[in-house]
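Handing you a structure now.
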Amino acid sequence: MNEEQEINADEVTNDSQASEEETNISDSTQLEVSEFADKKTLGFGFWLATFWLVLISFLAVFSPILPFKDADKNYIAYEQKENPLTGKVQERPVQPPYAPSGEHWLGTDQDARDILSRTIEGARISLAVGALTALFGMIVGGTLGMIAGYFKGILDKIVGAIFLVVLSFPGLILAILIVALLDRSLLTISVTLGILGVAPIGRLARAQTLSFSEREFVMAAETLGAKKSRILIKELLPNVLIPMSTLAMLVIAVAIVGEGTLAFLGLSVQNSATWGKLILTGSGLSTLESSPWVAFVPMGFLFLTVASFNYLSDRIRDYFDVRDIFVTRD
Amino acid sequence: GGSDDDSSSSSDSSSASEATESSSESSASEAAEEAEETEEAPAEEEAEEEAEAPIVQDQEESVLEPVFGGTLRWGLEAEVDGINPTASALSAPGLTMMNAAFDTLAAYDVDGNTVPHLAESFSSSADCKTWSMKLRDGITFHDGTPLNTEAVSVNFLAQYGDPLVGLAVRPYYSADEPITIVDDLNMNFNLTDANCNWPSALTGQLGAIGSPTWIAAAQDDPTLDQQPVGTGPFIFESRVQDQVTRFVRNANYWGGDVYLDAVEFYPVTDGDIRTSLLLEGELDAQATTNVESIASLAENDSITQVLDDTGDESFLMLNSSKAPFDDIRARQAITHATPRDNYNTLINLDVTRKADQMFTPESPYYNPDIVQLSDRPDLAGPLVDAYCSDNPNNCTSGKINIEYQYSGPSVVGERIADLLSEGWADFFNVTVQVLPQDAHIQEAALGIYNSIGWRQFGAVDPGIDRVWLLCRAIGGISLNWPRYCDEDRDALILQADAAATTEEKIPLYQELSKMINEEYLYVFYHHTLWSLALRDGVENVCGAKTLEGVSLRCQVNGRSFFQSTFIAD
Amino acid sequence: MLHETDSANNILELSDYRVGFRTERGLAKAVDGVSLSLKRGSTLAIVGESGSGKTVLNRGIMGLLGANIIEGGSAKFQGEELVNTNRQKLWGTKMAMIFQDPMTSLNPVMKVGNQVSEPLRLHQGMSRKEARDRTVELFTLVGIPEPAKRFGEYPHQLSGGMRQRVMISIALAIEPDILIADEPTTSLDVTVQKYILDLLVDVQSKSNMSMVIITHDLGVARGRADEIMVMYGGRIMEKAPSETVFQEMKHPYTQALLSSIPRLNDPKHTRLTPIEGFPPDIVDGPQGCKFAARCKYAQDTCLTLAPEETTIDKHTYFCHFPVGTDAGSEALKSNEDKGFTAAGLRIKSKGEVV
Amino acid sequence: MAGSGNNHLRTEFDDVLLSVENLVVEFSSGRKNKVHAVSDVSFDIRKGETLGIVGESGCGKSTTAKAIVQLPKPTSGKVEYEGTDLTKLDKEGMRQKRPSIQMIYQDPISSLNPRRTVFNIVNEGTRVWSTEHSQQQETKVEEMIQAVGLDPNEARVRRPHEYSGGQCQRISVARALVLDPQVIICDEPVSSLDVSVQARILNMLQDMKDEYGLTLLFISHDLSVVKNVSDRVAVMYLGKICEIGDGDVIYDNPAHPYTRLLLAAIPDPDNKHSQNSDVLEGELPSPLNPPSGCRFRTRCPRATEKCEAEEPTFEQVGNSDHWVACHFPHIDNELDAPTSDEGQFIEGNTEDEILWPPAD
Amino acid sequence: MPKPIRRLIGLLGLLTIVSMVTFGAMNFLGDPLFNILGPVAADVDNPESLKVIEEAKAQYHLDKSLPERWARWAWDFVRGDFGVQFSSSGQPPVSDLIKERLPRTLELMAVAQIIAVSLAIPWSVLAASRANRRTDKISTITAFAFVSIPSFAMAVILFYFFSVQWDLLPDTYTATDPFWGISHDHRLIQLILPGFTLGIGSAAAYQRLLRTDLITTLQQDFILMAKSKGVSKRRVLYSHALRPSLFSMITLLAINIGFMIGGSLVVEQFFRIPGIGSAVVEATLREDFPVVLAIVMIVSAGFMVFNYLADYLYTLIDPRVRNEDTSKPRKITSMGM
């Protein structure tokens, strides 16, 4: 040991030797439980959630070339049966929905369509809505928020007021208004939900920018002579991006729920199976009574996806120690 | 008119013109059935019968002794925004409530003949252009105003002048002097065209007479539309919109004893829920076209259903005044592409009967030669190609761009839209639009639509259905929803109106059906099956009679009379 | 011996007292075998670098560390064994604590007066009025101006020094047998710090309670404590009456600590002598002397063998080659000659680290 | 103390690198209120000199430092660097000057961008100032990282949170030095560090200063530290300087009552002032509404009506580099110091020093 | 000007902007005339209709400019006149509709929030006092699951189990009972499921916030201080730790209450409660803009008022806020609809 140390000592300065040692030692010397909790690992749940999201995204993207049943085809089965009204026995269609079976793993809906296929079809819409919404919110809200938070002054006041107005506007009503009066295309719905995401993301970006711009490293960059634009992009953006993207994940979750809510009110993307629509279709009293799977299968998918996004967001927030609390509501 | 939607979650037949309903004569109907049977080859008979078995259940009078008392709780499929026959566009639920508070001047008897009801008698001039009506004496409205010709004229003029209801009135009466008051009880109606079956026009909304005082007041204060005052068996008591509208017994009803203490109408838009409320005894009766409900009620012994599918037809309606359906090739193509079999299997559980025309096979006017070529996508392709090469602007990637509207939101509506779009997908790019019912009807009336789910025709007297077809019905707002004008067809209709007997009318209406079929304006799905479902103990719904003792037709598109009903338990 | 078992006279007796935290990496031995005894009415100052286990030691004694710990050895309070027992009954009656940051250790949503009178009412059965009067009295005692008015104020309305005085009056309200003050002045300005420390010493001497003052600043301890204990890596390095530590320290760590801080009496630009290296890992620490890796005196024995306790008079230390002894001087000299210590630390003559 | 006047400025020297004259910084607070954070502060620093500023928390030390680099621009006053008044420069002009005046901050963690690698952080200055990326610059950055005692290769992959506080402070120093600055402003660079680490950083600063010929402005609330590193010391109270001059002189003979009280409170084991029995009364007044006249008068044992009415200006104490702004300074100490009860601590009595560190 | 008044004025300004935006958007989105008169509005060839159109234009000031119309509307609104409904038969005042429907929504909201808060507090205290132990982990997972279930799904789930499967609660939801009527028992039963549907999600959200805050609080020195003063565990939890931990939860509560007027819409729809939520859906679809406008204003005002109230609640809970010298409560970024 002695020898080794000596050789080392010749090569590197004492301090860098020390530095090696030091980084091995956890530098947590405060008496705080949180310091010692396993927050720097993402945990099993994180990977589980990621796995689910990757799986569902994979299925959604590649569903056209995967060997699933045709989501739009009516797989009607027939049998000899008595007409309840005329009393005659005849070849009559078995009344769908059909329960889960080898043929239809997760059953069919009232129109004898394969629920698994339709749910995966629904994932396409839901994920697309989620992604577009988050993208819109990040780009518009993030840009506005960061500019407001960094340049402050009148710009900040104006942007802040805009955010406040949007926030105090009942979101779902706004969504219904726009969707009811324009059209029910994927884009309209995404943009509408995206508008709702702009204010929270923007406010977060603003707050984060504001608090980071008060941190000394920003001042340090300024004393180095960095221009504002450079500071904004090089110093602030990387810091704002993580909280923003964790919020964006929640925005995705909220957008998926929002789409579902709209669908539940009969206002979602037309001509496509969306999760909300599938749940709505199955949630009538008689369908629920006789064939709960029609509603519960898409609900399960929706739940897992929303929960995964929520959980990921939560874990990442913990991991990067983002202090803001995000709250979703619907 | 109305939506195609069989679910009860949207209300169906509606609009001003619902006021005009009529009947087919049952004698004629029987005759036709016989004729049909003799014509058919015996070998084919069974199959034919199986597919086309009539599902009309006979109405019965109660054998029990009527008892007084009780409240009848009636489930409606939707709330209405007013119950004023002169101003509101009454849909099926509206007409149901109307029957509690108002009486119509005429009504259909069990055989489908028009008989005087609130009026004492009708008589026409020889050319069937002037009709005289005599009112019964001594009838008063709930507010004490006497029923006289003055009152009727106030009603008539209010309807005539109403921008919407007037559409079903103005074109058919002389513009100078539509009515002439003779004395307190006698008056004349002056028609523009000969119509030997005119009183049937007074069996619906247009025949319902409200108190003139109330009508005048309601014109100033439209909120009074919610508080009807008529001559009917029940007097309006209270109304909480979307919850309950309550009428109480009219002790001085001119038509005799009224047994129930009160009738309450509960709008419950979800068919499942309404049915379940009925099964649980929370409701006593409902009318529905929801096939699932009908099937499940049929299996329940404690429910009696009065079924009838001779009423209106459900179909897809095309707007011939707007591209692309101004081109018959597009209309033909969509007819061929429509998956009617799937529709009937999935939406109607194959319980209802497929329709090709507005008459059921039992009708004397039924034209057995007419076949609508749906479910034939093979025929659609060439037509679409041809259309698109002529009108590239209305096509995208070789498919015709169309819009499909239905009234909602409704689960069944959504399912139908999915099903249809799926069937059309190879030839059409479909944009689906859901509209609340009133907007839905408005857009139809204004012709701002491509294709729309709808329900109408099948009036007991087919003459009534002319309002949907005549060229003169086309205007800024139009009841000729497809905005299709054919003068030959008009001539045919007027000829049928002027005909006095069924025999004269048969070839005319058969020809009319053929013309409609060839114009491809309506893609018929099925004959709407109406069910009046009553829980055990609700008795004698079908026992209403005129003062003269003629039994009235119990169910017309889901509505009935309340004066004879009593609750036995 | 460091811990004369004079139970009658000793309020606190620790023997091989240990506290470990269960962590992911293993057991973090924050306090690793501490033995000491504290006389009734005397004051002990515990000094050491950050992370040396001062706080853990004291909270361990109080039983305020939560469930995640493993306690070992023995700790007797007034003759009663504390280790692995529930110490709740001592709280608010026999023991009192004062924390480092007076802002965070006062409940921000309670009036300061109520925070002081709470133990009075809970444990001494005083009525609201009595408790209030007593509180005002205590406020006067610790030099809070306008005590009656302050009673109804919230912590944030007070300055740091005032808050710390409130903390002291809470401690006094309990009338404890022992008062533990964990870095009571670190967050305060020097001028306030002096006042608070003097106040503490003043009340302690008046009420004859025992006191433990924790600090990382040797200067604070001087003149205010009867004894000073220097801790490092969870262990005691040296313990002696106050002046002895300054005058005749035996442990190289104590020496190093003192020479690493700038001194007022040094002329400007006096080069400092830092302690090289970093504190030991408490999970997977060194075998021998904890300080060996950073010690100029370190020899091979130091790396393998933990030093035994040496007690001369009231002066106790744990070192193989104590400062000022022959062994020590020799060890240093040999290291200087070699140019590095047994742990590989490079030094140049005169004890300066390269 | 509230000293005003510029008597103490050393205009006679031509190697004054940075000179601050009548610096005022006010922050608006609420509607009409103003925080008088720094009021009429003047001092100068000669090339290669270290000026230390001490004072209680909130007295305006950091604000002064920031005002020098114009972040934010001071409310009024002059900040002259190499003859240029920085307050008069436009944005770009100031930007051009920035590399010459660098700062090191109190919180080593918060002054480094947590999302960038340490190498990147140190490299930022060269990136900002050079249009293209050259190998030469990289080498310089590496050298600098090595100079502060860190491994450049590790620095390429590690982020600040992977380093300890002391190491982070080294990174800050490297970052500041990369641009070859003339002046470095250190705002409490060691306050958040443990005692043993503190010594290392102080030594390193001294080494860097010697090696690169730096001029330092050193801010701290720890008087021992300030005394150790500084050539001159300025004592601040509530936004004003009350005493300024050679460090050793001031520590030996504090003339201002506040300086005396401050010194007395230092918990240094061998503090010769600790016997001073005056106590600092009351609380620090609010900078929102500072007292008239001498700002220290509300807590000063010597205060009279004059102090309330009239603001003292800087006067020289004796002949040495020692200036005080007080109507009633403790000048007599300097004249007959040994007679006081502090006599035993007077220089020359080196008993303690023999023991500290003990001779081997 | 005192701060509360300044804030109030700010809120009013905000409300004004909201109303202008909504007012403008609605006129931009649809022709009000069409909405008042229905198809007649397009029937310009017919002199009868034309007359009606002219009359309506005059009656509703549609011949005036947009700003003037907004000003008239605002003036009426301030005086409590919300205008009339655009419905094809009659124009009953909007206030009738609101009067009829708002109480139902408020009742639902109150039930839901009472459920939510009374679940959340003991739940959080339990979890926080056992932080990171099994009880806490399970409750955290549960809370996570509940916040991830959208209210429409929650409605279906609760309904399926409690009404359909186990038959414990009615499976038919009709708000046909008179609201304040005699059959109030029945009404309450009808509120159980909708109340829980809204309440459970909120409870879980509150739990997540309150638990985190409680854990943070419980780590603070003043909790140790309280313990070392000999305060009992229960008392430490409820009277020392709870109060300073309520910040985030109150913020969310305010946001929730403010928004639930609009947010209960799905639940109202599902359980057929003719409240303000279902009114706004119907009105939107029918383009009954005065109703939508009135409801938007009510919801926005509710949102703002409750946020305003929350700020006052803070000052009750935390004296630091009163003097505004605290670090603000933790930032809550609320995302939702």
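First chain written, first letter: the chains are A, B, C, D and E, and each begins at residue 1.
Keep this in mind: contacts are C-beta pairs under 8 Å (C-beta built on N, C-alpha and C of every residue); 3 or more make two chains touch, one makes a residue touch a chain.
Here the structure is a predicted model, which is why all the values come from computation and not from measurement.
Chains that touch both chain A and chain B: E.
For the pair chain A and chain C, chains touching both partners: D, E.
Farthest chain from chain D (centres taken as the mean of C-alpha atoms): B.
Counting C-beta pairs in contact, the chain pair with the highest total is A-E. Centre-to-centre, using mean CA coordinates, chain B is 42 Å away from chain E. Chain geometry summary: the mean Cα position of chain B and that of chain C are 94 Å apart. Computed from the mean C-alpha positions, the centre of chain C lies at a distance of 31 Å from the centre of chain D.
Contact with two or more other chains is made by residues 164, 200 of chain D.
For chain E, residues touching at least two other chains, in rising order: 171-172, 285, 287.
Contact with two or more other chains is made by residues 50, 59, 276, 278 of chain C. Residues of chain C touching chain E in their complex: 59, 62, 64, 88, 91-93, 95-97, 99-101, 104-110, 118-119, 122-123, 154, 156-157, 167, 170, 174. The residues of chain E lying in touch with chain C in their complex are 220-222, 224-231, 240, 243-244, 317-320, 323, 325-326. Chain A contributes residues 12-16, 19-20, 22-23, 27, 215-217, 219-227, 230, 234-235, 238-239, 242 to its touches with chain D in the complex. The part of chain B that touches chain E in the complex is made up of residues 81-82, 84, 87-89, 161, 163-164, 166, 218, 221-226, 240-244, 266, 268-270, 273, 276-277, 280, 282, 409, 435-436, 438-439, 442, 445-446, 475-477. Residues of chain D that touch chain A in their complex: 66, 69, 71, 95-96, 98-99, 101-103, 105-107, 110-116, 121, 124-125, 128-129, 146, 149-151, 154, 158, 162-165, 167, 170, 172, 175, 179, 200.
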